[in-house]
Amino acid sequence: MIQIEGLQKKYGKIHALRGIDLTFDLEQVVALVGPNASGKTTLIKCLLGMVIPDGGKILFDGKNIEGDVLYKNRIGYMPQIGRYPDNMRIGYLFGMMKDLGKNRVKDHFDEELIDAFKLGAMFGKPMRALSGGTRQKVSAALAFMFSPEVIILDEPTAGLDPLASEILKQKIQKEKEAGKLILVTSHIMSEVEEIADSIAYIVEGEALFYKSIAEIKSESGEERLGKALFHLLGKRA
Amino acid sequence: MNKIIKYVLHDIFRNRILLAYVVLLSLSSFGLFLMNEDVSKGISNLLTVLLIVIPLVSVLFTTIYFFNSYEFIELLVAQPLKRSKILLGVYAGVGLSLLSAFWLGIGLPVIIFDGTIVGWYFLLSGTLLTMVFVSLAFLASVLTRDKTRGIGIAMLLWFYFTLIFDGIVLMVMFAFSDYPLEKLTIFLSCLNPVDLARIMVLLKMDISALMGYTGAIFNQFFGSSAGIVLAISVMLVWIVMPIALALRIFKRKNL
Amino acid sequence: MFKKQDNDAGKIGDAEAEFHYASFNHFLSIPAFLILLFYFPVNASARVITVKHGTEINTLQKALVLAQNGDIIKVTKSTYFIEDLIINKSVSIIGLDYPILDGQKKGNIIVVRAPRVTIKGFIIRNSGISNIRDKAGIRVEKGDSVNIIDNRLENTCFGIYLAKVNGGTISGNTIHGANSVIQSGNGIHLWYSHYIKILNNKISRQRDGIYFEFATHCEISHNLSETNYRYGLHFMFSNDDNYTFNTFRNNGSGVAVMYTKHIRMTNNTFEQNWGTSSYGLLLKDISRSVISYNTFSKNTSGIYMEGSSDVKAEHNNFLNNGLAIRMLADCEKDTFMLNNFMGNTFDFTTNGSENLNYLKGNYWDKYAGYDLNRDKKGDLPYRPVSLYSQIIEKIPSAVFLLRSFMAELLDKAERALPSMSYVNLYDNEPSMHIIRP
């Protein structure tokens, strides 16, 4: 579904991506894992066309995304920190997003998360009055709203309460079963273990490895993913 | 794009600063018209507002609004929307709001109290000038990621066009006062939209003063219908050029 | 003196002019008027000749042959084609219901060569046009005490032309030129003429509305001179004249008074004289004259003064001019007192730094000083020559910055630091209030 070939990005002197090659397919949940400032978010932003890469290319469904916007019809995105116009009320924001993406859905909008997070009760509140957690809920609900084939979640559970985290994880599971590709970044290994089936490990702008969780565990001989990763990385180091 | 304009307008019209701007403009125009028995004096005092306050507010408001809407723009960029449509949508939204403020705060009083050809040229100049500075503000905004720096660039642009440019012109005139500079000044006026806007109004207002001195050449040039068309065209270039440049930069910008 | 006036119809104007001539006095005095009434019965016996189509006397020429000094020729309404009609008898020619005298664009229409001629109530049109000889609607040569009253001159090269005439009245005439610069002479033209009264005329579309050359002791009042190609009023070498209550509007170059002394200009309006070299009033080599109670409004320059001395300008209003007064450095001992300066782009400019003229007690709307001792005079002197206008003086193209923030700052800076200004011209007692006459 998504092929990343030799992706490069520099911000001034900082080399954020140094030639990443990755391929993601439908019916996959891939966790992008790596230390802080390793280039995960830059990679995601490249996928979304928010950051223009300096080299390499990204193919979406076999087509180069450069200069294209239509492929984004098929992507849902939940940013790390959801930032919205301060004066806008939640209800208005959802209304606006539906209005802007009217042609993206066939029959109905996926409002499962709006209901599950009970956001309807807060439709009258302006965005600036919301807590970080509630913003995350809004971001998550927006990411799934158009039932896209690809869903990208940047640190989805950070700041969410346990109940909300659980709701989100279940939703991810459900969408995966519906045959979608889900890309997640996360620092919480237990969570990754729970929802993802493969890990792309990114360090200093390079994909160190890209393996299924089962593979990682068997290679390392560890039961818990965290330990397995530590083992694996330690060996390399 | 129309939807983006709609949402920007919805957002700005709830903005108190815009309301304050309308109030400020209304107060100054009604004040100046009511204080001066002579309507033409009201207009000439209002010219200061036109040439200083309107560029300042336009450029500052737009820059601040742009940076405050950065999230909104980010959100939109992640959607299947062309960047050019997003930027132009926001541009049109901000432009329309500031123009509405101008026409409410200054247009209405000018039409009520003056309503002469001077008044209409005044309003035309104000409209063009507002859009020029909205365009310049967009350019300043896409040049940097940092709000403070963006506002700094915007202020610098304003300062340059309202004062520094004229200071340089004056120094050039001093230095080359032995040469005939009349034609040069026509060219120079095209390099500064604020000067151009001023001359457009002056030609209708201070016609008696401008016809003496070397002002005659302005009169011959900008007073002719071809000159007016040229002046308006140059103003349009000043509107289109910065926003086109901003668009180019924005298309390649990392958000 | 008055016995010469035997058979005249006794019109006030005529007698007035005659008396005028006789007494060298400008005003009709009561004794003169009584004498006039006394002679009225004698005048009543004057013969009346009527020119009418279908009668024996069907042309003015025939009437003039029959007429004697003092007769009245009445002309009925019709169109009469005449060319260089010479009037060499002292007669009154009176049009009934505005008959038309058409010159067919050949020569002069009427030429007066006798004293005490009156021409009243005609439409006089289509004089010839010549560059060599000035052709006029009514030309008066040495015809003293002429009265030209209530005529309409249309499309004449010169309207009324007086050469070497002493005494006379030109009043209530409308003179409208031939809408073309080349074909236009002056509306009312005086050359070596004296003691003429020019009253209540309307002149437009001529070269100069009123032209004086070596014309002295004349009075010009209540005339309207507008849209003339050159000057509304043009004086050369003409001393001791008065002009009051006239309006000079939208003339090519305004009003010019040159090489003249002892002129009184009062209660006139000079307005809308626009153009590169256009002035409300241009003074060149004028001395010992008075300019008072006039209004100068919306002119490129209100007054332009060159080489003038001993000119007193008082109680004038300078309103909304591009430049109220331009006074070149060769002017001296001129005074400006109790004038109002309002809404002018510039109040005063000059081309030198030394100043030998005197300003006092004027009202300047740009004055930003205060009056702490409440004597209704500003405590700080006013400098009417702004710093920015001094810059324009040096660099004319700096007019480019007119009303810019830059120009405003310069003038503000000058107020804070008066030493920046190099022109030594002050009003030490600027009035805090508009001056009412």
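Labels for the chains are A, B and C, by order of writing; each one numbers its residues from 1.
Here is the rule we use: a residue touches a chain if its C-beta (ideal position, glycine included) is under 8 Å from a C-beta of that chain, and two chains touch if they have at least 3 such contacts.
All values derive from a computational prediction rather than experimental measurement.
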Taking each chain's centre as the mean of its Cα atoms, which chain lies farthest from chain B?
C
Taking every chain's C-alpha mean, which one sits closest to the mean of all protein C-alpha atoms?
B
In whole angstrom, how far does the Cα centroid of chain B sit from the Cα centroid of chain C?
48
Approximately how many whole Å separate the CA-defined centres of chain A and chain C?
91
Cα-centroid distance, chain A relative to chain B, in whole angstrom:
43
As the complex stands, chain B meets chain A at residues 3-4, 7, 10-11, 14-15, 68-72, 74-82, 252-255
Contact footprint of chain B on chain C as seen in their complex:
274-278, 298-301, 320-323, 343, 345-346, 391-392, 394-406, 408-409
Contact footprint of chain C on chain B as seen in their complex:
38, 40-41, 44, 47-48, 51-52, 162-163, 166-167, 169-170, 173-174, 177, 181-182, 184-185, 188-189, 194-195, 198-199, 202, 206-216, 218
Considering the complex alone, what residue numbers of chain A touch chain B?
11, 45, 48-52, 69-73, 77, 79, 83-88, 92, 96-97, 99-101, 104
